[in-house]
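Got some structures for you, see below.
Next, two complexes with chain A in common: one pairs it with chain B, the other with chain C.
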Partner chain A sequence: MSMQTGTIAKLLTQPTAGERARQRVNWTMRILVGVAAFLAILPLIALIAFVLLQSAPFLVPSFFFNNPLDTSPGILNAIVGSLQLTGLTVLISGPIGIAGGVYLSEFASPRVVAIGETAIDVMLGVPSIVAGVFAYLILVPVLGFSGWAAVVALSILTLPIMMRSTQEVLRLVPQAIREASLALGVPVWKTALFVSVRTALPGILTGVILAFSRALGETAPLLMTARGTNAENWLDFSTTMNAIYQYSAAADDLLIGQAWATALVLMAIALTINVLVRGRTVNSRTA
Partner chain B sequence: MATERRKTENTTTGAKDELAQAAARPAAQAAKRTSASEGDGGRLTLENVSARYGAFRAVKDVTLAVRPKSVTALIGPSGCGKSTLIRTINRMHETLPGATVSGSISLDGVDLYSSDVDPVRARRVVGMVFQKPNPFPTMSISENVSSGLRLTGGTSKSEIAGIVEDSLRRAALWDEVKDKLNQPGTSLSGGQQQRLCIARTIAVKPRVVLMDEPCSALDPVATLKIEELIRDLAAEYTIVIVTHNMQQASRVSDETAFFSMDDDRAGYLVETGPTAEMFTNPKQALTEGYIQGRFG
Partner chain C sequence: MAGLELRRTGGLSADSLFRRITGTGLLVLGVALVGLIVAFVGYSNPLWAIQSPIDFLTSATWSTGTIDENGQVVDALYGALGALFGTAATSLIAVLFAAPIGILAAIYLVEFAPPRVSAPLTFIVELIAAIPSVVFGLWAAGDLSNRLRDTIEWWIASSFGRFIPFLSEDPESPAADSVFRAGFLLAIMILPMVVAVSREFIRSVPISLREGYIGMGATKWEVIRDVILPTARIGLIGGVLLALGRAIGETVAVTMVIGNAEGVPSSLFQPGQTVASKIASNIAEASGEIAIGSMAALGLSLFLLTTMISLAVRVLIRRFAFTGGRA
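Our next item is the complex of A and B:
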């Protein structure tokens, strides 16, 4: 008995050479993946720190409320322009994308779903510059460089995002809920709208916000379509993206500093939206 | 009136008493009820009903007559097509891709599958309660009950309030929820949710109520409450219930139909008869073996 417990104690407390080696490998690996994780977020930290440092002198209230040609220049026109562009984009691609996603999830036959999903994948893979070139070749000759051409390009880019996200969240609605509604004698279209979509609504809105943030940060299509102006205006949009592009290309320290500050503003907006979306998804998961 | 009285009993007696009551309720009570309500409408007739998922036949040639305002239990081993069969009665089976039905199912002589019967209309007449309680997660308790009426239209707001209360009373849930009608339906316990689903089903005034293992996700006390409720509802509705629990079948049903699975995995009806007879003196050896727990 005593010998046996002694053996067990030995088994438990005295690692063999093989086990020691395993522990060493374990620790080495831990350190390696830890370093890798740190390296992965290092650019983010560096970026934020660098942009903050570079733009700090320019971050005065007037920067947000003045236009570029005012005595103390600001980027009000760019912020307003960005919001107009992305707002209009969401207004156009939102309803179409959501309706398309509802169709694929609730009405389409499996064959149509397969075709639709492939089409969405292709559209999601289109580089944004291609959407820009498309609008440049088709619309700019007619409209000239204009915000409208940019809205079309951005809508092409956000449409598949909206469709996909709507379809995905509708897929998460339990079939039991749809069946409950159908079994009450509710027609299919009403079940889709007032039961499925209603249940998935928080998720669908999250998709809209994500598409909004994608449109807000888009560069290439805007350079080919909207270009931008130095004055605040309606529907002759200037954008924060454009402000960064133009200012940073200027041979003028003041303008380059403003480019940094504009970049910070854009980052702040994008970050806010992402945090917002995270909050939403966490809430809906716990609810 | 009878439901009213039963419900107050429910709320005053404890779970133990309920167990005793349920155990003591004899088949005589069932016999009295069915003879009184014979011929009031709600007669279901299934003839040669087969149900398929694509090429696979899950239910084979079922012919079954369900008496109006009675409880018919469908029992049998897993996978023998009981759930598939009751889903053909309210035309839910065909909502699945590739699913088809052949044969005829008629309610008071009207073929539910004839071309002039809209499946949506058929589902209003033939209600269904599912295995897992499935209240609408975005709706309050009262909205859940009124959902069928609101989504199908044609009922005024003032009527709806009355129907909500009436349905909840019939489902023996009113006293437990009357002070929190605006809270989410999903905030209730499992047993309460299932009674909420029953209230939601009877709010649209069906003639037939199908129940697909309505108690399999519930604890014994909640199960007894639902079983009592099923007995009460049988005064007004034709009820078809699928159950894996043979004690439950013997407690709640007037008629029992026993299903089994063929070599080709197609479910078929072995025999049907009054519940008391099926459990004491079945005609088929297969039924006897199943009921005595020798297989399944």
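Our next item is the complex of A and C:
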């Protein structure tokens, strides 16, 4: 009798061979997914470490304040050019994108929303080089190679980003506060602007900043637009930090070193923007 | 939310003015989209006057021709097969590596990692997406490419190269650039996208489904295999497709490591080119409406590819919203 109870207890507590196999698979997979997660972050570590090592000797103050042809060469003109180009892009596509997002969220009929969202999806998927070729086809014959064509190309890329993020954050604004405002007799446009947009403003600005960061890092559209701007252009932003592209095949060690240092600056700006923005809104789904 | 417009007043009230101003924003996007299509079709037209789109898609010869005594361009043939092959090969290699690792990493982040590991890890993966592609290119050209050549590429070539010529490489003098290395770099670049989208869809699988299966005695992995992956399947496919679209359009980083060689390479470990890298390296010298037309045709093929992917993802995700997952 007691032996039987012992056997039953043993059967209950001791896993069968099948169960052990299932547990083994479970643990193997647990390790495997952990390894996959580690592999996913490995490139970032390797990349940052390598760029830091390569560029450290070139990161002297004069690098940031001198131009490439000075005796101790720097990238001041490229930094200024990048900021001008990106700033102008955001100035142009920002208001348009936000306006479109407001329309989609506040006014559009379901049919228009469906069409508009499809258009945004398609535009979000347009590769940056395609936007560049577009600007090259329609603007370069008129303007010549110029930063303005680059602004148009970059605006095409940032416009859907801002429209999507604006629409998404406006969607999160509770309908009740819109209704409260309308019930008080506030006109529709004031309600949209000072209630809906005002409430969603931090989220909208996050979208703008992420679009800025995207435009800052784009190189492909610049290859066929900004390159070779004529000097008479009043704003010379033909040179940006992305011009390091040309240095990668350079035989000159100094040029290559500068390319690494420029890459570090570019990466540092992009990462800082993202850390600041995403740190605030951890679960942002705008990108 | 269309119900905001409660009253219609005649004439141009402040409300309808505001409505029109914001509507213009959406209109600009529409005009840009239509403009893209019109421009690419219109500017590629001169090319179709001298050759058919079939030649463009099936010939691997890319020749700007010669100028005869009358000043006319003769013997020009723009065949994009080599570039199309490179685009297909690099983006499929990218997905081959990024999809399993990305989905498994997303599973780890959602199902296994404790919150204090999961949050920073997710954050770090998202940061990879913020790195400009030119920086990836510089890193790959200066470091990663050689490492790949001496490790994964060497391993594949020495184990399969003898039987499959397409995976062979001369161990004495490996090529300076290769299609495979460009594809692997793309895998790293699209990984954050796969992880981010997969994570969203895995998270959206209802907790009650997991609990039901655990209650039946399933192990954690069995829950993932039998409940989570099947439920999130459509979303995961959508995420991989999105990443594929990103890989197809990636230009600068690929141009820096693929070698930009004409034609279809004899092996994955030989230099090649993609549609995007071909545009990037040829557009500066393009002159004359036929040569520019060839660039427009390349741009058009990229645009059509990515548009098809965007629309497919849209349909898939909508189906996901209908069939479950987000209960």
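Basically, the second predicted complex is superposed on the first by the 246 of 287 C-alpha atoms of A that agree within 3 Å, B and C clash if a C-alpha of one lies under 4 Å from a C-alpha of the other, contacts with A are read in each partner's own complex, and residues count from 1 in each chain.
Assume contacts are C-beta pairs under 8 Å (C-beta built on N, C-alpha and C of every residue); 3 or more make two chains touch, one makes a residue touch a chain.
Quick caveat: nothing in here was measured; it's all calculated off a predicted structure.
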item	value
Touched partner set for A:199, first chain B, second chain C, both or neither	first
Which of chain B and chain C A:26 touches, first, second, both or neither	second
Contacts of A:174 with chain B and chain C, given as first, second, both or neither	first
Which superposed partner A:110 touches (first chain B, second chain C, both, neither)	both
Partner chain in contact with A:187 - chain B first, chain C second, else both or neither	both
More chain A residues in contact - chain B or chain C	C
Which of chain B and chain C A:12 touches, first, second, both or neither	neither
First, second, both or neither for A:142, with chain B first and chain C second	neither
Set of chain A residues, in rising order, touched by both chain B and chain C	109-110, 182, 187-188, 191
For the chain C and chain A complex, residues of the former touching the latter	1-2, 4-6, 14-15, 17-19, 21-30, 32-33, 35-36, 39-40, 43, 100-102, 104-105, 107-109, 111-113, 119, 121, 123-139, 141-144, 188, 191-192, 195-196, 200, 219-222, 224, 242, 245, 248-252, 256, 276, 279-280, 283-284, 292, 295-296, 298-299, 302-303, 306-307, 309-311, 313-314
Chain A contact footprint on chain B (complex, rising order)	90, 92, 95, 97, 120-125, 127-128, 130, 132, 134-138, 147-148, 151-152, 197, 200-201, 204
Touch list for chain A against partner chain C, complex	22-23, 25-26, 29-30, 32-34, 36-37, 39-41, 43-44, 46-47, 50-51, 54, 95-110, 112, 116, 118-130, 133-134, 136-138, 156, 159-160, 163, 171, 175, 178, 182, 187-189, 191-193, 213, 216-220, 223-224, 227, 242, 244-245, 248, 256, 259-260, 263, 266-267, 270-271, 273-275, 278-279, 282, 285, 287
Residue numbers on chain A that touch chain B, as the complex places them	109-110, 174, 176-177, 179-188, 190-191, 194-195, 198-199, 201
